[in-house]
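Here is the structure we will look at, set down as structure tokens.
Chain lettering (A, B, C and D) follows the sequence in which the chains are written, and residue indices restart at 1 in each chain.
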Amino acid sequence: MMDLGPHAAFIWMSYGVVIGGLAALVLWLIHDGRKQQAVLDDFEARGITRRSAQSGGTE
Amino acid sequence: MRLFSENLTCVRGGREIFSGLSLDVQGGECLLLLGPNGAGKTSLLRMLAGYLKPASGTIRLEDGGEETGEDITVGEACHFVGHLNGVKSQFTVRENLAFWACFLSGEKNGESDAAVIEKALGAFALSSLCDIPAGYLSAGQKRRLCLARLLVAARPLWLLDEPTVSLDKKSQVLLANAVNAHVAGGGMAVAATHLELGIENAQTLELGGRGGRQ
Amino acid sequence: MSGFKSLVARDIRLALREGGAIGTALGFYLIVIAILPLGLGPDLNLLARIAPGVLWVALLLSALLSLDRIFLNDFEDGSLEVMIIGPLPLELIVAAKSIAHWITTGVPLALIAPVLGLLLNLDINAFGVLVLTMLVGTLGVSFIGAIGAALTLGLGRGGLLLSLIILPLYVPILIFGVGSVMAVIVGPSSFTASFMILCAISLAAIVLAPWAAGAALRMKFQ
Amino acid sequence: MLRFANPTWFMNFSARLLPWLVGLTALLFAIGLYMSFFTAPPDYQQGETVRIMFIHVPSAWLAMMCYGLIAVSSIGLLVWRHPLADVSAKAAAPIGAVFTFTALVTGSLWGKPMWGTYWVWDARLTSVLILFFLYLGLIALRNAIDDEVQAGKLSAILALVGTVILPIIKFSVNWWNTLHQPASVMRMGGSTLHSSILYPLLVMAVAFTVLFFALHMKAMRNEILRRRVAALRITQVDEAMTPQAAE
């Protein structure tokens, strides 16, 4: 590995924090997306589709 | 003076309360809104008063019949009595009414106000309680103080939401007299109520029939 | 305009008659200032140096306590609902209530500040400046606070949320308030410069806050 | 934003666009990281620690840009009543908070070797800290209100108030900083950079921006799904309430 000088620890730590933080965000977004999709599919299965909802709602 | 609105639709919290509703109240008429809970009576009244924007449809208050084109916004021309009384418990009955007289009518609270306040107190049998802090009043008396506000500032349209809440028989008669006097004087009133208010020649509008919300 | 004056007079009479609201703000202000030397140690010249900053921060926190009083009481008993459809436009109602809050909370806090300054060994010739800057600053505090009060009206733990939302917005007032007082005591910078900016912030708050708070209130009643 | 007219159209459009964005982000990051570690020379004063700048500056820049996006979405909601503006603002706030947080942490990790302490009240770091509080305030306000429509509009007001006050905060913090501390020892990046450092920084900045748009789009998709679930729950409740009424 290339020598990052005396403060290599700080460099790795800051890259670690950024990559860690963004990875956590990405994982959460993917998880949340799957969870909502699952609930929606469950509604679909039970025949309650948006077409039947005549209310204006947020569409 | 004429309150006119056509195919009003009200949507609250992603749910449609009522749609395609029209009403037309002329000067000197009283409209009673009947219907079960959740039928949208309160929503309609709040919409007429200007709190709620209708999802579709228009509300207009035409002044004096001839097309003046410029309609006064409903808010400035109406009294709205909701479920809450709008009574400050630290102030005495008279101070409460004095504030509303000055605030709602907008001009200096001069001599004329004192007379108006006395008349309003008399109309709702509050004269004996006028110097007692409102905090001591019973629920019925507070409701009467709230209704007395209708008389301290001249406004053509009265929007009353369950005005008879916590009123005893005698007070309901006082309310009916006040509304009759107001309507006889050319004013308009729209009231949502369950009890028979004893108001002569009142039209009724059934809400909650459509949409199957029981 | 008489509607405006009657609303301000009513709010002031209400606060005086109730008494509690003003009392708690002053009491809290006194306690925070009294506790600090216990925490930081009795070193007088340390206290003298941090006195303006501490007085200002404690002032902001005490004003924050009574901010939800601006709308909450009237919201809960229905008066606000009636006022909103009264002749007075919503923005002027917000302005009237903010001015009433300033008179019943901002001014007493500003007037009592020099007395607390004694506890912190504040430099005597800074007293006049302290009161002046606080009078101007609390005007901005009340108006910007009205935005927060309108936004968190009727919410569960409104008080906590109010401080989280509003304190960042108080940073400019705090910086220029303390800056102008420090300018008199030790000051590299001139007093008039920072004081003028403080006045500008408060004036901007007076003009802009009613619009934001009015819009928020209008939505609360839908 | 106006082109994404309605949620359904947006869902199809983003479903097609998202994979490309993710691919582009990965590519840009690969180039950016390679450049920042291998081609960029160590700084004559700071030595290797200058490499922290390649992620600190873009994070801070993204934090500001995200707040700008929230402000534009808020205007879109309050002024043009755009159906997707509220979704965009709600989706952007947490992402902005994460970028601000990473900017703060990397800033303080960079400060340690350079100034010897983890936190120094440098004007820019302090402003980013206050920006972080504004983000927390936005998220907290939105969570405290259960009625969705009201939550959106009130958060939009707070976001706009924040946008008006942000430059004043920036100005006052800078003024305050110069008052208490001589100009900070090391200028944190800036246009005087040598091209060998400027290019990696620009590539990383673009990489972060594309990443942000990918994250924001994904978050908006999730939010739209969440609102559809809520709408279906209301329909379910209504249908349960009136089984006998004809649909």
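In this section, a residue touches a chain if its C-beta (ideal position, glycine included) is under 8 Å from a C-beta of that chain, and two chains touch if they have at least 3 such contacts.
Bear in mind that the values here come from a model prediction, so they are computed numbers and not experimental data.
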Could you compare the number of C-beta pairs in contact for A-D with that for B-D and name the larger? A-D
So, comparing each chain's Cα centre against the centre of all protein Cα atoms, which one is closest? C
Any idea how many Å lie between the Cα centroids of chain A and chain D? 15
Chain B and chain D: spacing of chain centres that average the CA atoms, whole Å: 48
What is the distance, in whole Å, between the centres of chain B and chain C, each centre taken as the mean of its C-alpha atoms? 37
Measuring from the mean C-alpha position of chain A to the mean C-alpha position of chain C, what distance in angstrom results? 41
Residues in chain B with touches to at least two other chains are numbered 14-15
Quick one: which residues in chain A touch 2 or more of the other chains? 55, 57-58
Among all residues of chain D, those touching at least two other chains are 148, 231, 234, 238
Touching residues of chain C toward chain D in the complex: what are they? 147, 151-152, 155-158, 161, 164-165, 167-169, 171-172, 175-176, 179, 182, 188-189, 194, 197, 201, 208, 212, 215-216, 219-220, 222
Would you mind writing out the residues of chain C in touch with chain B in their complex? 2-3, 6-7, 10, 13-14, 17-18, 73, 76-79, 81-88, 221-222
Per the touch rule above, chain A residues touching chain D in the complex are 2, 4-8, 10-11, 13-15, 17-18, 21-22, 25-26, 29-30, 32-33, 36-37, 39-40, 43, 48, 50, 52-53, 55, 57-59
With touch defined as at the start, can you tell me which chain B residues reach chain D in the complex? 13-15, 212-214
In the complex, chain B residues that touch chain C: 46, 49-53, 75-76, 78, 80, 82-91, 99-100, 102-109, 146, 149
